[in-house]
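What follows is a group of structures, each given as structure tokens.
Okay, so chain A shows up in both of these, paired with chain B first and chain C after.
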Partner chain A sequence: MSEEKGWAKHSNIVGIVAFATLVVALGLVETFQPFGFRFRDFTGGMVTFDTLIRIGILTIVVVGLNLLMGYAGQISLGQAAFYGVGAYVSAIMSTLASRHEVLPGISDAWWWPWLAILVAMLVTGAFAYAIGRPILRLRGNYLAMATLGLGVVMYTIFREGGGITGGHDGLAGIPRLSIGESFAFWPVERYYWLVWAAAFAVIIIGLNVINSRVGRGLRAIHTSELAANTMGVDTDKYRVQVLVLSAMMASLAGSLYAHFQAIVSPGPFGFVASVELVCMSAVGGMASVWGAALGVSFFFVIKEVLRARMHQLLRGAGGEHELIAYGIILVLVMIFVPEGLSFGGIKALSWLRNLAVFRRGDGREIEARTGQAG
Partner chain B sequence: MAESMILQVENLRKDFGGLLAVDDVSLAVREGDIFSIIGPNGAGKTTIFNLISGVLPASGGQIRFGGRLLNEMKPHEIANLGLSRTFQNLQIFTNMSVLENVMVGRHPRSSYGMISAALRLPGGRREEREIRERAMEHLDFVGLKSFAEWNAGSLPFGQQRLLEIARALATEPRLLMLDEPGAGLNMTEKVALSGLVRRIRDQGISILLVEHDMAFVMGIAERIIVLDYGEKIAEGTPEEVQRDPAVIAAYLGTEGI
Partner chain C sequence: MQRYLGTKSAKMALTVAAAILLVAIIALLGYRNNYGPKAFAQWTMDGIRGGSIYALVGLGFVIIHSVTGVINFAQGEFVMLGAMLCASIFELDLPLPPAVKLVVAIVASVIIVTLVGILLERGAIYPARGAGVVTLIIITIGATIAIRATALIIWGTRAKIVPAFTNLHQNDLIFRPFGLTLGAQSLWIWGTVALVLCALLYFFERTIMGKALRACAVNRRAAELMGINPSRMSLLSFAMAAALGAIGGVVFGPVIRPQYDMGLVFGLKGFVAAIMAGMVSPLGAVLGGLITGVAENVGAGVTGLYGYKDLIAFVILILVLLLRPQGLIGGEERGVEQS
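On to the complex of A and B.
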């Protein structure tokens, strides 16, 4: 009985271990710099270590987005709103002492920013719950428009928040995260471990939810809300729950971003950011937790490669040319691999495997694996 | 008589803004019976199913299940009470395996939620094992055990119908509503289906069956009502209904048996 579910669970564990090995290896290289080599040397100077941290942070957001869009089938064109709430709550709370001299001795203690991260997640979660109930009555394009509107409203609040949010210029002087008075998760090589530990926790939680009763309920809702309902799945409740979960994940990422940049401004939390998140989700594979890391990585790496090498392809090319090339690459990916790179990769691998099996004349094994004869 | 009625529908009406799809229909299913609703296409049979299962709100009348009034309840609440159904146009979850489809059917008989799932708490993991085992049993009951890990969408049509039945059975219903389960099946498959329906009833599950195929229904139903244009035109045992002139005129007359 348990070997039958083994395949899915097995591949998840293998994936986690393999990915963790990669992440740990890269971190160790940067920390110990064997033979003077740093991460950016392996990429010809094109991709920096900082980028790996940004990838980790956005992976957290996109895992939540994949649960919402890929598994539950609920579109969100405003996910950056939750990302922003997390960042701003962390920023505001951590700078209470320095900016407003509120609660001195407490709000500048080392544990205060950690508490702020938790508070931010709860605030964002409550916020998602409050707007989720009315918004999630909508379907399809109407839901998309509502989430778009939500994103715009939050961005406007961030930008016009004046005394609270710092308006256009935002809030600066956000402290680094530390444990006790002496161990800070800084410089960058140390922050990397914190960000990726959080990313792995989120990935594992995502996988746990998907392979559970709740995950099945969500996937059922995606395909046939009617059948899900009549099989006892409370579809309204589940849709709100997955929204809240994805919002809390985005909030965590936002807090980590705030402590990384040490400054938050409205820019990274607008409509463009929400669209980029959806693109990362789609490119990586919406219905895949692994696709999140893949999609985010792809985005950043392509951007950096273009920035470094564009002028070699096209004499005198500038920022606009990079953007155009970037757009073209995205379109090509969606044309040739519409299900996303993660599934495209799986399909390619199983195509190769079937090819090998078929060559051996094991037609029956193909039938057993794919459920189709021939 | 009323004490052993698992489903009582009284004066049910459904008005689609001018189109009266169901007009003053009453029926009562005795516990342990196989009860069938027959009638030509468009007679309102599936609409009645949608009304009973809570998918559509009724315009009038009352629906009682085990004595409880179902009228204002949501579909998932009704499922939790022990009423389950299949669909005329299959609604299987093609994005999951065959076994996972049936595992969704275990929803009313399980309870662990988001937090337990996210953190893989022991209570949830234990429930998950039970869900898997019970789902496997139901797959076995309909004969699909060997297809457990197949993608549900890649099953042949006849097997997909069986899958929907297994999924509905996994909810451990007291009443199972089957909406044209034989549609699209060949003769052999229909005979097997007939046997399956009887075996389900032998487990103590009452059955409400909507069907098009006369021979199929006459062979297994204890009681039948005949609908035409949303109205009940006859009721009784298969023999009584077959002989009813109104039925013959409206339905059987053009098809024969």
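On to the complex of A and C.
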């Protein structure tokens, strides 16, 4: 791997540019609607533009989760709790003026929600730090269950929080984000740019963390914690750091979600949400920042396509049938490509390359060609 | 500070102190709200009733985990399937007297759920054997989603009715000993759970197959060398766990109105019970289930915060994991400081 040549050496930069081009192209299509085409027309009306924004928001969460699970090797079945804390702090702070008439003149200024996002990230980070030390002493299945418990506890607090969190109904009337009084990140096409800008920032941070000293330490933990410890890697410190980082990413995504939906209710932050996040992470490929975007997109596309087309495959099928397919796909992916789709894709590519059809001359020539490919 | 807190006696003292504090708080809250011993007895009884089901589910977790190392998220779905199948078979228009029909429904639903468990093991767990912890967890989660969605399609969102075993009626016979309220179904539940435990004890202690299962739990490799087929043991553990869950669902069916989405709660609470058992001890799972049930009922009753009922079980879960990850009953430390 040390002698990567050509494009392989810059694969991250190539990836970012290619992915950014795709995202920008989709955004431009929706904004300018050339020849009356909108994004949903490309997908036969099955996947809407809103879905792209949701994909962006959850990509932010899953990048953090991948750092935690794929690199630090720590399972979290409670990531939706951090996501929820972010959403609720944002929602509570930005509705202070309209609901409680607290701090008039300040809490309805345009910059207040942005401040709320920062506060939410700090609160979530501090929360993650406080629970990180004791909870990360656990390993494997036990850690998974402790984080699961944490998720359920936070969900119950959201649900039963009464006047503060709005209980079952949640908090409504969350204002849109804006810069100055006149430029709002709304309608949807504008919010798209904001969400994806944030998602790219998070992806780049993720890639940098992986290739930093901390990232190497984390990978060492994943391989063998004992060996890492012996070589002087402060494993506890790194694990707490990556938990705090992933919690803050989840919090940012939560805030973006709150301002996108304009309403926050406990539903999307429960146990099922945490499980879905882990599934997205695992299906995409945990040991890869790119896997995050891939896994989230895969899930959403499958979900939307099934919702739109299931009744044609199965006579009389309602919306619920999609869930079965969803469960079965999950099981199949885990059985056949346990490393996730991103690694499955890489494997499939190298398999294709070695197929006899693509082979001209002897093996040495192929090596030479793949070496010069970029 | 850290050095002294780490010692065994310090940990013991802390645990005892916490327990005393907890009892004091409960007593104080009860005293302030004028709850007499009668109220406490009622909550405890209700708690034991719910806890019995958690115990059965927890047993399933322990059996599967100790034989295969898998945490089976679909455990709660077995409870749901048992209750729902029993209700819908009883609804069928069979030319049988209702009592016989109920027996048929119970037996049939337990058998069907056991088959589902076998199918789950062969279809999803066996092909991925040897995979990592996360992969296996996600596979069982996928199975959970699929089972739950199938139930939703078959039965819809409406709650079903399993008749009470005593009077075959929707409303159960109620006894009032010492001014407490005791449904006759509670007696059925306790009787069934006791019977199941005796059967399990006999199975594990007296039969070759049970001993083979235990051997597999102690050391899979060694058991294999002794001629025990681990693949068959894995299958057996899933079948047993499914049957236990189904029995729980069937006897608890008349107490709640079973619904397609009830599995999750039972699965999670059963898991809390299994964690208290350190994931290894069947006896611990039973005790853990009962403790969970009683704690959440007394806790919710004393504070009057019924919405926070689920919270109690998970606070217990986190406390147990952090303070005694090896479970409440003996054993060396597991889960901590090993990778």
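Note that the second predicted complex is superposed on the first by the 344 of 374 C-alpha atoms of A that agree within 3 Å, B and C clash if a C-alpha of one lies under 4 Å from a C-alpha of the other, contacts with A are read in each partner's own complex, and residues count from 1 in each chain.
Convention: a contact is a pair of C-beta atoms (placed from the backbone, for glycine too) under 8 Å apart; a residue touches a chain by one contact, two chains touch by 3 or more.
Small disclaimer: the values here were computed from a predicted structure and weren't measured.
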Would you sort A:I328 into first (chain B), second (chain C), both or neither based on which partner it touches? second
With both complexes overlaid on chain A, does A:V102 touch chain B (first), chain C (second), both or neither? neither
Of the partners chain B and chain C, which touch A:L122 in the superposed model: first, second, both, neither? neither
When both partners are placed on the shared chain, which of chain B and chain C touches more of chain A: C
Partner chain(s) touched by A:L245 [first = chain B, second = chain C, both, neither]: first
Taking the superposition as given, does A:S224 touch the first partner, chain B, the second, chain C, both, or neither? both
First (chain B), second (chain C), both or neither touched by A:A18: neither
Go through the superposed model and pick first if A:C279 touches only chain B, second if only chain C, both, or neither. second
Given the touch rule stated above, what does A:V152 touch, chain B (first), chain C (second), both, or neither? second
Partner chain in contact with A:P134 - chain B first, chain C second, else both or neither: second
Could you give the residue numbers on chain A that contact chain B in one complex and chain C in the other? 224, 226
Under the touch definition given earlier, write down the residues of chain A that touch chain B in their complex. 1, 4-5, 7, 205, 208-209, 212-217, 219-220, 222-224, 226-235, 241, 245, 287, 370-372
Can you check the complex and tell me which residues of chain C touch chain A? 65, 71, 123-124, 127-128, 131-135, 137-139, 141-150, 152-153, 264, 268, 271-272, 275, 279, 305, 307-308, 310-311, 314-315, 317-318, 321-322, 325, 334-339
In their shared complex, at which residues does chain B touch chain A? 53-55, 74-76, 78-80, 84-85, 87, 91-96, 99-100, 103-108, 110, 112-114, 116-120, 124, 127-128, 131-133, 136, 147-151, 154-155, 167-168, 171
How about chain A: which of its residues touch chain C in the complex? 69, 75, 134-135, 137-142, 144-146, 148-150, 152-153, 156-157, 159-160, 224-226, 271, 275, 278-279, 282, 286, 318, 320-324, 326-331, 334-335, 338
